[in-house]
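Heads up, the next two complexes both have chain A, just with different partners, chain B and then chain C.
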Partner chain A sequence: MKQATINKILMYSLITVCAVWLIIPFTMAVLWSLVDPVEPWTADKLLPPVMSTYRWAYMWENSSLRPALFNSYVLAPSAAIVTLLLASPTAYALGRIQFPGREVAKLITLLPLVVPGFVTAIFFSSIIFQLGLHAWRFGAILFAHSVILMPYAIRIMTVSFEQVRQDHIDAARDLGATTIERWKVAYMPALKPGIMAALLIVFIQSIEEFAIAFIVGSPSFVTVPTLLFSTLGQDFVRPNAAVLALILIVPNVIMMLILERLLKSANPSLSSGKG
Partner chain B sequence: MSTIDIDRLEMRFGNFTALKDISVSVKEGEFVTLLGPSGCGKTTLLKLISGFLKPTNGTIKIANEDVTLTPPEHRDTALCFQSYALFPHLTIKDNIEFGLKQKRVNGSERKQRLQDMAGQLALDAQLDKLPNQLSGGQQQRVALGRALIMRPGVILFDEPLSNLDAKLRDSVRVEIRRIQQENNLTAVYVTHDQSEALAMSDRVMVLNGGVIEQVAPPETLYNAPSTSFVADFIGGANIMNAEVTGETEPGVWALQTPIGEMVSKSDRTPAAKHIKVCWRPEAVKLVDSPVNSFTARVTERQFQGSYTDLFVDIGGNGYRLKTSDPGIYPGENINCSIEPSDLILLEAIQ
Partner chain C sequence: MTAKKWITVLALLAPGVGLIAVMIGTVIYMAVAQSLGYYSLMGESEFSFEFWDKMLGRKAYYKSVRFSIYIGFFSALFSVALAYPLAIWLRKPFNGSLLIGAVLKAPLLVPGLVAAFLFINVISYNGILNQFMQWIGFWDAPHRLQNDRNGYGILVLQTWKNMPFALLLLTGAVQSISDDVLDAARDLGAGTMARFRKIIAPLTISSMQAALVIIFIGAVADFSFQVIAGPTNRQSLAQFMVFFKDSGRWHDAAVVGVTLMAVALIGSALLAFATRIILKGGRIK
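Right after this comes the complex of A and B.
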């Protein structure tokens, strides 16, 4: 078989897989969210017989969607910023300071990711209750998210700190730059893509996080995922769940596209190391 | 335009001694090269002068001011990095002006100095570009401009040409030397390339294993190396063990060597009875002479164009000759001689 033929087959297989994995569930969610309650969408029909935005309006009016959106979209950016601030000193140490056991330390910071989220959540929330931090539920969840998502931020920022070139720092210093100026000219350009990536990943993880938000927050503090999971309970209404699922997904997709843009527009010479 | 005075400098990293007992003075406007193989301590010495390292012992003075503990940002030195270290996100203009901005030099003077510098380095057309849009030679010039615009008392170079291709290297080398002389800059230049050192320097400091082997003008270094390391590192040499048998007349020493009895005419007094001596491959004359003559059998010949390399056997030992006569072939026996002043006395045999 010719190379081109193989390429073509692989290409089409990939597109098929992508379609099955991404496009079909997404389309289904959109269709389900548009099902009008006057006539149900039964298995014998390819498309819903009557389509309307009734479910969207209904969820907006009759569920805790509004406070949930507010909570999620305040919580996630706060968690992203707090996590980044907490992770940066460790990342600096792991990325720029030579000390014995550095590689082991790098590995250990990643270990929390091995434990299933729910296990961490249950025991982490018990610590929060013991510390008496649950009184301010938003703060407790923010604290928990920051701690639990820190491995991602540390990992990303460590790599970024490693990419800062010592000769740039030295050159700035040799030309009389103060500590702040050295950060601006030598560190920040190399760290910027990492900072964006860390913020975004923590944002997405936090906005999708269910276990801690549920255990610590319920019933008074709702986020979009806790709301979504509660609609999956005994009064499960698929169209309503579809609305919530889409609300959860759409901003993430937009954020991913923004990140992609930012990373592409970042100075290519920084990643190639030339110049 | 400052002087540099280094006194009994020592640098240790843990148990490793990188530099030992370094004392040297550099005059105003002088171009001094630190030359040596990798790991000899030349870059460490440069980092000590620029302030990125603090010595274990000893002092460094720049313009008669003790700067041993002064950090690099407060020293009147400017360093040209091997990697250029241009800030990739800043334009050429911003790169060159960076140091002036740190020093809060006002806008009109900054503009004036930038124009002068861009003119001098032929960078006028590149000022709005980013470093990665420039060729290696141009980037090198930007790095030079960024250092020179500070009008430093001392300019330091850390192997600035090692990332350029051979042809470009020659032209940039001429340019660096021209700018240094035009501005009467005191310069310290690190390299491992002996031809670079010989071609550019007022004086060369040869380092080996953290100690100074010799500090001398290039001509002296070549014609009168003081150690076998220098003799071999600069230009190549035939080094032999010799026993000093006496002084036949003032400044003329009789020697017993593996290629026979020889005499050396030298201002130096032999360091011991058993010393090393050397002669340059091109110092050999292919004629008989009453003194210092010997017969050599050619074992190998390499034609190089303007000269021919001959590998010869003299009494069972291998040596190297350079001759302008391309008509000598392996197997031939040739009569050779060396002028007594071309037989150089080196250090004592340990």
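Right after this comes the complex of A and C.
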């Protein structure tokens, strides 16, 4: 059999598997979110007998969805900006300065990924208790998110700083550009995709982060993931959980698509318009 | 390097690497210190092995350690084992390979909790899987698949969520192997398995180790999948730790936390070491 035929067979079988893997679960979630309480969706019916947006309106009016959305969507952009601000100086040092111990410093940046999330969450909350800062939940979660998500921002920004071309900086200097002007014309065009990618990846990770929001935020500070978790617990109501699951995933997909485009354009010569 | 340059470098590193080192260092220190009786939130703080002694006498503790290692190991193994053939298949672009890559990586976009919800939706007692199995006549009555005793559900979930990550790492590594090397092996009579064992695996060992270790650490410390879809008669280490913390038993939580860190560290090192040892035999000398 030819390689092309094998590829075709493999591709069709894989697409079938993936359709089953992705389309069925998501279709089920959408259908469950549309089940009207007037008539339940029982096992003998292929589709919900009555469909409406009642559950969406119900969750909006009667659950903690509004504060959860507010908290999540204030926390995530704040974490993205704080993380970027904290990560950039380190990324500059790692990307553009040769110094002894650079590899060790790079390894240390990976620490938050190596220590299990729940260990960080629990003992970070213990530190907060010891310091008497447990009432300041938003600030504590923002700080913790900024630190645990910093490896992503440092990594992306380090690569971006490495890609800034020295001849562009030198040319700007030779033409009499001041430090700020050099940053504007030589650094920023190459850094822009990296900055956007770092902001987006931290935003996405912060939106879906569960361990710290759950441990440090409980019981008063709710985010969309902690609300979804509580909906999946003892008071499990499938249609309500479906609404929350969809609310959590839709922005993720949109932002990941933007991220993919950004990462594709993360070429300094393209972004600076110079070959 | 001059003193001035050193000061500049340290000042630049302080808000990033410095903050990470201080926070994670303090977290690790706090976990170890609390497991040894210090920093008590209620009662006296003094050095003691009492909490370790008591914990080491609990059957539930060993059960939890074994269960977490089991989930961590098999999640890493299944994810990498599934990702390898796909990465090799997608090495050279062909019509539709971009679409396949995108579909395969889609679970990366799905937050863990949503994945768990989608999964229990499909496997629930009256869910579509049970309905389908009855419809094709494979089963007479619905089976109870959710919260299965052996944690197979969690392994499926972990593999679904982590395989795309392994694929991402392995695709890059496999694509960097030059055609000349593979063609030379083929000309010398190496079959598909021999090419994998002697060329592809040794040349992609770093990515394989990275994938195995990162997936292992994530899965060994799993909490949400276990609580939602895991067996009710066993607890993962993270679940056990949260249980103690919620009961106000911080020192016990710390003992479990230190154990979890040790399991993650030792397990990762062993996995990385075992991968190297296993593949060493297949190396071209």
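Note that in this section the second predicted complex is superposed on the first by the 252 of 275 C-alpha atoms of A that agree within 3 Å, B and C clash if a C-alpha of one lies under 4 Å from a C-alpha of the other, contacts with A are read in each partner's own complex, and residues count from 1 in each chain.
Criterion: contacts are C-beta pairs under 8 Å (C-beta built on N, C-alpha and C of every residue); 3 or more make two chains touch, one makes a residue touch a chain.
Note that the structure is predicted; figures quoted are calculated from it, not measured.
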Chain B versus chain C as contact partner of A:Asn252, first or second or both or neither: second
Touching partner for A:Ala135 - first (chain B), second (chain C), both, neither: neither
Touched partner set for A:Phe118, first chain B, second chain C, both or neither: second
First (chain B), second (chain C), both or neither touched by A:Leu47: neither
Contacts of A:Ile15 with chain B and chain C, given as first, second, both or neither: second
Chain touching more of chain A, residue-wise (chain B, chain C): C
Contacts of A:Ile180 with chain B and chain C, given as first, second, both or neither: neither
Chain B versus chain C as contact partner of A:Val38, first or second or both or neither: neither
Intersection of chain A interface sets (partners chain B, chain C): none
Footprint of chain A on chain C - complex, ascending: 1, 5-6, 8-9, 11-17, 19-21, 23-24, 26-28, 30-31, 34, 39, 41, 89, 94-96, 99-100, 103-104, 106-114, 116-122, 126-128, 131, 160, 214, 217, 220-221, 223-224, 227-228, 238, 241-242, 245, 250, 253-254, 257, 260-261, 264-265, 268
Residues of chain B that touch chain A when the two form their complex: 50, 52, 71-74, 77-79, 81, 83-90, 98-99, 102-103, 130-132, 139, 146, 150
Touch list for chain A against partner chain B, complex: 165, 167-168, 170-178, 181, 185-186, 189, 267-270, 272, 274-275
Residues of chain A that touch chain C when the two form their complex: 4, 7, 10-11, 14-15, 18, 21-22, 24-26, 28-29, 32, 42-43, 85-93, 97, 99-100, 105, 108-109, 111-120, 122-127, 129-130, 144, 147, 150-151, 154, 207-208, 210-211, 215, 225, 228-229, 232-233, 238, 241-242, 245, 248-249, 252-253, 256
